[in-house]
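Across the two complexes that follow, chain A remains constant while its partner is chain B and subsequently chain C.
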Partner chain A sequence: MTLPSEQERKERIDRGIKIRSDSIYAMMSHRELSYLTLPRLILIVGMLMIPLVIPSMYWQRVFTISCIYALLAISFDFLAHYVGLVSLGGAFFVGTGGYLAAIANTSLGLPPWLTVPLATLVGGGLCTLLLLPCLPLRGVYFAIVSLMYPLFLARVIEALDILGGTDGIMGIDSFPNHWVEQYFIICILLLILFGARRLVNMDIGLVLRGVKDNDQAIRASGISVTFYKSVAVFIASAMGCLSGACLVHIYMWSGISQFALDFSIIPIAATVIGGGGTLVGPLLGCLILVPISELLRDFGTLRIVFYALILVAFIIFRSEGIMVYGQRKYHQFERWIKY
Partner chain B sequence: MSKEPILKVSGISKSFGGIKALNDVSFDVHAGEILGIIGPNGSGKTTVVNCITGFVKKSSGHVFFRGKDISRKPPHKIADMGVTRTFQIMRPYYSLPAYKNLVVPLFSPRAKRTGGWRGGGRLGDRNTVGIDILEEIGFERDSYVPYKLAATLPTGYLKRLELARCLALKPEIIICDEIFSGLSMSEIASMVPLIERLQMDGITLIMIEHRLRELFRVTDRIMVLNFGKKLMEGHPKTVMANEAVKAAYFGSQTVQEVMDHA
Partner chain C sequence: MLEAKGLMVFYENMLALNNIDIKCEAGQIVGVFGANSAGKSTLMYTLSGIMQDIKKKEEMSGGERITVMGEVKYQNETITDLKPSQRARKGIVLCPERRRIFSESSVLENLKIGAYLATRSQAKYTLEYVFKLFPALEKLKKRIGGFLSGGEQQMLAIGRALMAQPKVLLLDEPLLGLSPLMQATLILATREIRDEMNISIIITEQYARPVMPIVDYAFILENGSAVMEGTKEELMDNRDIRAAYFGVEESYT
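Coming up: the complex of A and B.
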């Protein structure tokens, strides 16, 4: 290894094992098989083990909330990196899902195992319907409109004093016990993570990625851009509503703080830290960011400063994100070569 | 040629602000023919394509495809009927490999309806069907080229990819917007037989071109546009002999000056 000079550049080459394990022939050797399955197994087993190894109820709760944020972050990453819609609507989705679950639980008397899927589907449909007029917008304009909805709905609830007004809806059923609560959310999160990764590589996922790359070409292919955008928004908002519904059952309360901008901003920060476009990166980002923000709670308002410092450090030193960096190191080796 | 035209454009106009990009342009395209559209820069050739395929809203006028009015339809509906186009500035999905670029059009309602390419349809994996189409269009199957990211492909292949996207839809009409421009002579030479084969397969083509010599090899009827107006249409030889066309191409003043100096 020589020192880098102006005449040299870094070359990245795929590891032999990556190429060997690209196709079905990976099944033929344990080495290739474990190269493929080990990272996934570590993730799955790790996620399932965390509640067991965390000692205190308090930190177990923090972990559950991290998973809720992770759902939102995956939904943000999916929309932003695979469909090209930068959505700040996390709070909108959480609020809609949360209030729907709360109403279904308190007014209709449905148990949590019914309210959660109900809030997911109905909430997803409702959010899609409300965002439908904004779908032709792109980039920052879509972001602004999707940020407008949670602010708007929170003010409507406050001003009209409907849905419990500023007090919120109280007396919502919780999950049977905290183990069910934790493992339900972890399993849902893992299912959605692997489901989303599968989706973006399926044929319909390629169409969605095409919408991001080049919507004119999609039109020229005889495919309706608006239809596939709304399909994607439905998937993403259903994820958000699901997390909102889980959240109100955890807190046993639903209020306008469900529309708080935290739900829009933290997923984005987590995506930046974890690595956009990897889907697993945002999860990792949430598992780092949310506990850190809890740790810093002792510092009072100073925690914003620390929080910002961590973010800035990440953006400067690892702007690609942890997972992108990690995947590169895992799949490729680097060497210096002469021009 | 007395049959009903497959595509009938009647009196389309388009103005961008105060500029009249198209002024009352009408023409017919008959099934199975290759119509060439030529004209100097800014004469409205691409706007004609955009108006036919619905990418730009016409100010006035109508377009009929097989007798049906498609003037007010959105672009994806028009492509769904079989009127497809290529883009002058290539629009592949840069983040996808070349063959995955074709999975997208193969996923469209039209491709599903028409049974994909050569009846592959639901039985055929879209990836293999995509590679089949790429091979037809001149990507070497056994090379790395069909598997490379579209972002790394050179212009020649991207132009072919544009055509392949149309072919994936089993089109009735392909409108090629300057498919030869930016290509080397040898690339064009290999492209011409491709165009001829498409015609033999029964696809109607409209070709917008600046490369007149190559265009005249494949087409037998051309239309000339200038300042958004149709100058004339007819056989290439008669058209190029026309004084107005010469003036449009070389500038009337220049022609006069050349004549004076002679």
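Coming up: the complex of A and C.
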């Protein structure tokens, strides 16, 4: 038998610089300043550099689509980890935003600079309104309803042959050129990412996290749970509609494939891989997953197998996700000690 | 019978149990007393093996690192690395804090789930015994678990643990939030269980007074360390202990 005094234990300690940088003293030295800003700077500069580094138009387009998925993934992560609503409605948001932008562009003749914000706000409101009935409920209802809407809308468009029917709406204006298109989406993505991180730490973010932990206690504090949930759903669905609106302007076409389940599933997978609750993780997950799924396109249906294997491996071996793991390694160090 | 040596548990860098040696002989009722955060539940989780489960979950989700050191022995056999289900098979059954009954199943169903490890005749016999021990449960046997009162839920939790045919029963704060009358009922029932089923019981509680009459040996935990142990009489002789855990005030003259 080993005595307790002979046993060793691996200890995790916050880096001193992390402890100091949690307070205002982070401004004391360049080293501590850079400790805080470096990861953020790498992300921002990296995102802005990628289109310049990638040579081919094809892969630039893949990167843009990854950013579109990243918007959806951030919206999923926000709802799931900060409000406690598991949304399968990525396709619903993309479809609504996409069709709204398409209609505004082709019927009203508005340019992309107006259709995108319009589709974002109107789409967000519309989605929130349609999801409102299941917001006072807890449990799987929100997930189920948000999953059913895109199927429902796609069939309605198909059956009634409205909005272009199965052919979709064609002849939508594109962005002026592909550089504008890329940098517009990258900037929007970065803005939303940092905005969302700020939001969840503000007062409203505290209430939302409270709703996730214990909605009864929130009600007992005199706060309307349904109101705050609908605010959160509006924010998340507006993000989704924004990505949908960008998507139709990229493709110059809007069709019922905008309601495809891919838009619901890939963001969830990216959140699992990237690390839920970090908001950066889903972005990272999309930048990994979407290109991989493009690379595997040559394998035909076999790519689903590879894709599934990657996901299962992640869930088994690193279910915390890349970013949670990475943040821990960055902020803490480990050492063996005699207990 | 059940014995822990040099037990140390860390939640990340926080020491939850500090070098605890605890022993429970066959047929004994052992009390573990201490305030909130003294380490009572941690001790129960470690003895029943649930700690391994918690540890694994934390590892998977990138949460706290839990370190368990020391040795748990049962009938002279080391069980430190056994899973909770394997320990339950050997007869170490936990009745968890806050009852944790299956709130959507009826009383009878709750008891039947508890009897997973029992043979058919054992289950039948124990069910009758539980209803004899807690006649209130028999009247409520069709009732959904979540609609029971706190005391009834606690009876049900103890009953469910008994259905698993324990040789060592671990009761984690069974008196939590109950009226003095209900406390007395449960304490008497606990002694009856020991006497009739001939098993060992380890019972934790914050306030020692209601439990003390039935224990044979007791430990007092403070911030993870066992600051005092002894028989009922030895503990009652200590003035500080009397004041802190039995609510018996007396002037220091």
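Here are some notes:
By definition in this document, the second predicted complex is superposed on the first by the 323 of 339 C-alpha atoms of A that agree within 3 Å, B and C clash if a C-alpha of one lies under 4 Å from a C-alpha of the other, contacts with A are read in each partner's own complex, and residues count from 1 in each chain.
Going forward, a residue touches a chain if its C-beta (ideal position, glycine included) is under 8 Å from a C-beta of that chain, and two chains touch if they have at least 3 such contacts.
Keep in mind that this is a model prediction, so the values were computed, not measured.
When the shared chain is aligned, chain C comes close enough to touch A:328, but chain B does not. Contact with chain C, but none with chain B, is seen for A:10 once the two complexes are overlaid on the shared chain.
In the superposition on chain A, contact of A:320 is made with chain C only, not with chain B.
In the superposition on chain A, A:214 makes contact with chain B only, while chain C stays out of contact range. By the touch criterion stated above, A:206 is placed in contact with chain B alone, chain C being left untouched. After overlaying the two complexes on the shared chain, residue contacts for A:224 are found with chain B alone; chain C is out of touch. Shared contact residues on chain A (touching chain B in one structure, chain C in the other): none found. Within the complex formed with chain C, the residues of chain A that make contact are 1, 3-4, 7, 9-13, 275, 319-321, 324-325, 328, 339. The touching residues of chain A, when paired with chain B in their complex, are 203-204, 206-207, 209-210, 212-214, 216-225.
Those residues of chain C that touch chain A in the complex are listed here as 5-6, 8, 10, 12-13, 19, 60-62, 65, 67, 69-71. Interface residues of chain B facing chain A in the complex, by the touch rule stated above, are 53, 55, 74-77, 79-80, 84-85, 87, 91-96, 100, 103-111, 126, 165-166, 168-169.
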